[in-house]
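Below is a structure I'd like to ask you about.
Naming follows writing order (A, B, C and D), and every chain is counted from residue 1.
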Amino acid sequence: MDLLLKLGELINITLVFSTALIFTAMGGIFSEKSGVVNIGLEGLMVSGAFAAAVATYTAEEAGMGAASPWVGLIAALLFGVIFSLIHAVATVTFKADQVVSGVVINFLAAGLTVYLVKIMYDGAGQTETLNEVFSKVKIPFLSDIPVIGKGFFEAYPTTYLAIFIVALTYYVLYKTPFGLRLRSVGEHPGAADTMGIRVSRYRYLGVMISGALAGLGGATITLTTTSSFSHNTVSGQGFIALAAMIFGKWHPLGALGAAMFFGFSQAIRNFVQLFDFAKGIPMEFLYMLPYVLTILVLAGAVGRAKAPSALGEAYDPGKR
Amino acid sequence: QEGAAGDKPAAEKPSGSKKAEGFKVGMVTDIGGVNDKSFNQSAWEGLKKVEADTGASVKYLQSKSDADFIPNLNQYIKDKYNLTWGIGFLMGDAIKTVATQNPDAKLAIIDNVVEAPNVESVTFAEHEGAYLVGVVAGLTTKTNNIGFVGGLDIPVIKRFEAGFREGVKAVNPNAKLTINYTGAFDKPDLGKAAAATIYNDGADIVFHAAGATGNGVFNEAKDRVKSGKKVWVIGVDKDQSLEFGDDVTLTSMIKRVDQAVIRVTTDLIDGKFQGGKVVTLGLKDDGVGLPETSTKNVPADVLKKVDEYKAKIISGEIKVPEK
Amino acid sequence: MDKLMRIMTKDSALVPLGAILLGLLFGALVMLVGGYNPIVAYAALLDKVFGSAYDFGEAVREITPLILTGLAVAFANRTGLFNIGAEGQFIMGMTGASIVGIKFDLPWIIHMPLAVIAGAVLGGLWGGLAGYLKAKRGVNEVITSIMLNWTALFLANYIVNAFLLQPGQQRSYEIHESASLTIGWLSELMGNARVHWGTLIALAGAAIFYIVLWRTRQGYELRAVGHNPEAARYAGMNVNSNIVRAMFIGGVFAGLAGVVDVLGVFHYQTVMAGSPGYGFDGVAVALLGGNNPIGVVLAAILFGSLTYGSAGMSFAADVPPEIIRVVIGSVIFFIAAHGIVRGLIRPLKGKSKKEGAA
Amino acid sequence: MSTPEMAVELQGITKRFPGITANDGISFQLRKGEIHALLGENGAGKSTLMNILFGLYQPDEGQIRVQGREVAIDSPTKAIELGIGMVHQHFKLVQPFTVTENIILGSEPRKGTSINYKAAEEKVAQISAQYGLMVDPKAKIEDISVGMQQRVEILKTLYRGAEILIFDEPTAVLTPQEIGELMEILRLLAREGKSIILITHKLKEIMAIADTCTIIRRGKVIDSVNVAASSPQELAEKMVGRSVSFRVEKSKAQPGEKVLEVTDLHALDNRKVPALNGISLQVRAGEILGLAGVDGNGQSELIEALTGLRPAVSGEIRLKGQSLTNLPPRTITEAGVSHIPEDRHKHGLVLDFTMSENMVLETYYKPPYNRGGFLDRSAIDRQAERLIRDFDVRTPSIYNKARSLSGGNQQKAIIARELDKQPQLLIAAQPTRGLDVGAIEFVHRKLIEARDEGKAVLLISFELDEIRNVSDRIAVISGGRIVGEVDPELTNEEELGLLMAGSEGKGGAHG
């Protein structure tokens, strides 16, 4: 019974850790399904985390109260889109190598955001601590269900939003004309082109949506865990989200599962420390756990992930 | 109690005098910046105060990696700074190297002991202060369940852990104490998750000694307080109720890094630099302790107990272990 | 040698130069926006790098591991793999060197090479592991590398904590003098700058990179697998084992970067809170250097000088050093999107001489 | 000028690529309701012209009129709006999508914000019934036959209401039966009033179905003739500019000992479905065995099994009595097997290597090229120079990347490399794919020379004419089995076609 109770709590913390990854992995899917590799997710998250901190703080100062984090969320989305445009311009318009361009995004985001923070906050390496951040919302009745209630229905608004985005991603990709076209552009741009689909337009959109969602992912970290932005607010979670996307085979539900898995293995690392037997385990092994677990699962998992066929290739109508 | 110690070195001098004009003091932080809301910030505030009080010019350099420590220190040496601070345990080796290579330069370090004739080392008896907040925690907990979140598993933080543990044990031997090391001083997300786990387990008080990672502990506590649960955080280094509010901050284990910086720096200005010496600031020097704001959340009888234990530690009746 | 020149001048040298110029200009623009004087800042940067023998030596110290991690990424790239795991390989390289440097006590003629080799091999194995998982289990090397980076960090911390720790410190014991790569006399001449033989190792690494890839049978196979694995299979090559080998060799380069950091710079290994970052920077260096050895060396010089010099910028001109990341990022951007640079160069070139740019 | 009965009029179209004028002032008229053939050698500029009409390329000069109106076709979208549809030489289908998804892509029926799949499938079913193009709307492209895929391509154009249909070499990949069915479909479409442009190299098809034939040579229109009043000989002469013989000169074969012996070979394809279901065949020294068959009946799998690129599930492969079953490719090569791969870009060459490097792709590890782990560049270069000279491979130097060579020259280089190994057995898969007439003659001559030197040659080709002209014996493969063996002198196209369609063929044509 007690263990069951703990399970609910474990799920709860898992969701906290997973939310940012879920947003960002969904973003990655949009970009890569359109045929554009997005190793810049990390940088896009950084830009979102930054924008969220600055905008929320500004809104807070302007007396917007509880609405402030929502302002931050929207700012993160917009800032993510702006940043992702760099990637889109480089890879789609100038046919730059997509991996290289992603690295550029990561560099620019890391440099520019901290630089701006220092300019805006008198040389401080981090933004002011936010007072108005998201707090967990209990869903009436549902949150009273034992275990499940604690696990799933007592979460941050961003978590609910993330789950909604997963459903939306699934719907958009597999049920709407937009999704069909986006995927066709990533699978066979030549075919899409001859069907009258503007390859560039869809790739731009794919990359921009990835910017928006990764921005939200970054904002999630700022607005639910750190309450401020500094150089290591994101610290590698964009890469983990990238891994979740690949692990989830570029499918929204797969990526959701993978992101939850990463969140879970992060949560378990703290959870284990509650038990006495954990005292004998060197701390480093607990820290390692999420990553080693991932490798083991991947190595054991059957079936290779199949990336979109045209992933990574600039589209050149004259080339076959 | 802090006030008494706080004013001594600076207040005795006529403030605003420009007697140290042309005097240059530099400090190098490790990867955490000067506004980490705790340790580094406290040090920098100390230097700023020296600047305001004496007219000395002060400067800091934030390191991007371990490899930067030495070049950053050397930057000051090369520019003929009168005193160069290394802030934090991790700067120990770099200070040692630079001090040896530049016997004429004067350096100082916080939280680590460097044996060199031109280095003054300042350490704190964190275990003594932690003992007192342990007493507070032990007496305040309603659930008999208390947590500790540490940054890196290093001697300084071990002192926090040991003192806290002993303090809790002294007043409440039955309380459960969960220890969690996050492995970082600069990851609020890890601090938050650690705190969440500990609170979920039934703890109602968490003491953190984790720098910016501890900000996550506060965030988690705030979350819970907002949703109507009563949980506390015990802050570290500075009076963190000023940053994170009284509704979550039970008290803080203050470490007067600022005072240490001010004291050593003014000593130097006054020509009293004690190279080669180790200054350890404990309860009796008011180098560690509880802030006055503690009265807001800690009941008077508990504070009375704290004072009793404080006296015993100062008198040597209680010897707080460092590990 | 003419071959080497051809590799070098494959893309006209004007594009990288133009990109660097544009990157610096963009950085200047960002500085102006922030209210700083870019001229003062860049002058301070140059002064920091070339101002004294000490700083020059330290800049070289900064450049050295970047050459090696750049080679690590570039080597894998040449064989069709993306080695984002140089970070972890770097850490394993450090660890290997530390273990041998601390635990053994041998005459230097044996000790130093042994420590170097131990780190190189450990880094290689760490890379090879990602290669093995790709070849045998079909796991994307990008994910495994990312996971292995974190694993290496904590594993190394564990090893230091459990076996090498100097009591009361957050680091290992110092390595024995006999394993050191420090060049004592030169260091003394350069105001105690931490110069070391590792720089020669890095340059030799670049040469070996070239020789292995373009002069040996093994390199021929690796490149064939990189360009066209199907054709390599057709030609009777073992694609899987070449993937493992490519990642192994990449890992050796990154491992060496870690080795020289321990044996040449610190002489001990700390319990690290986070990754040192040389591996990720290696990705940028490799891309900047066009994945060819001379390019990598030049890119590392640029990258390392800018990074080291940025401290001078922030010291003398109060410009946040992060601006340098912006500069480097935009340099890479302009190299990647070379269409922009060409577009800008063409009118300039058209005036001086008529030449059909392809 | 423009007359209302013209569906398309092209006037003075010129298109230049670096170093070549692909279309040189081409004028061309397509009447409404006619089937108009476009004939020309490889590289004559046919595909380029059609790509211009479909908006994929922009002409450097010239005008386009569609239904009498002058138009600028700057994209396929525009072409589709104008009622133009194109079935490309290489299908443009999204493999993991269903038939329906491929057809509706770009103009999807909607219900709210969603795709109305039900309506889409009904519409697809309705059109395919109307034109007799039966397909399964829910099948994935990657699971259906080539013939089916082509139907999907046609349906794509009809779904968009195309009035003008362009077919670029539609018959190259079909069985004779499927070709017959396609011809019927084309006739039906023309009767319905659609105007059709048909690119094909097969004169018989033109004679059978086209109303008009425009002949292009080196980017210029040579003539436009009324097919009914012409003959295959006339068309062929106009195409190449000289009289052509359709047969290859060769003496009678002198078969010697058994070189290759395959017994009851079974193997799976990439999707783990049986692709070879008990292949048995033999090739003797001094003979060419032609393997005829429709694409996708196990040819690729057979070649891969023979060369060690694909494991055999069961059965036996022997070379002069020595078993080669499931040995690694290198061992097989060293035992004396040479392989001209069917896909020269995928298997035959490393396109980013220099020609010099490509010439030692299978021998680099042996002396004199490899000395103690190091490559001897000058030995490699000497070898490359020799091969390139002997086989007349046109390249500016041996240091040029393979990518920069034309397809024919790439193929010659591969043949040079493979023959130079002095193999016992030469496996030549689609050796003349995409080559012009001159190059084809050269390759055929080389194959016959190899035979006359006593080598065993296994020739795999989809081109019946090639098989019949070059082989000494013909085996027909269908459904992963050898379904018959015939004498090239005695057989005819109908007999081969029937065998190729085989009772156990994939049944693509019959839906």
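Throughout what follows, a contact is a pair of C-beta atoms (placed from the backbone, for glycine too) under 8 Å apart; a residue touches a chain by one contact, two chains touch by 3 or more.
Not measured: the values here are computed from a predicted model.
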Message: I need the common contact partners of chain A and chain C, sorted by label.
response: B, D
Task: With centres defined as the mean of C-alpha atoms, identify the chain lying farthest from chain B.
output: D
Task: Quick one: report the Å distance separating chain C from chain D, using the average Cα coordinate of each chain.
output: 47
Message: Please tell me the distance, in whole Å, between the geometric centres of chain A and chain D computed from their C-alpha atoms.
response: 45
- line: Here the gap between chain B and chain C, centre to centre from mean Cα coordinates and rounded to Å, is 37
Message: Could you pull out the residues of chain B that touch at least 2 other chains?
response: 153, 183, 186
Query: Considering chain A alone, which of its residues make contact with at least two other chains?
result: 232, 235, 284, 287
- line: Every chain pair meeting the touch definition is listed as A-B, A-C, A-D, B-C, C-D
- prompt: Which residues, counting only chain C, touch chain A once they are in their complex?
  reply: 30, 34-35, 82, 84, 133, 137-140, 142-144, 146-148, 150-151, 154-155, 157-158, 161-162, 274, 280, 283-284, 287, 318, 320, 322-330, 332-333, 335-340
Message: Under the stated contact criterion, what part of chain B meets chain C in this complex?
response: 31, 59, 61, 64-68, 70-72, 74-75, 78, 89-90, 92-93, 101, 152-155, 183-186
- prompt: Tell me, which parts of chain C touch chain D in their complex?
  reply: 215-221, 223-224, 227-228, 230-238
Field: Residue numbers on chain D that touch chain C, as the complex places them
entry: 307, 309, 328-330, 333, 339, 341, 346-353, 357, 361-362, 364-365, 370, 373-375, 377
- request: Could you please specify the touching residues of chain C with respect to chain B in the complex?
  value: 52, 54-55, 58, 61-62, 154, 157, 161, 168-171, 192, 194, 261, 265-266, 268, 270-271, 273-274, 276-277, 307-308, 311-312, 314-315, 321
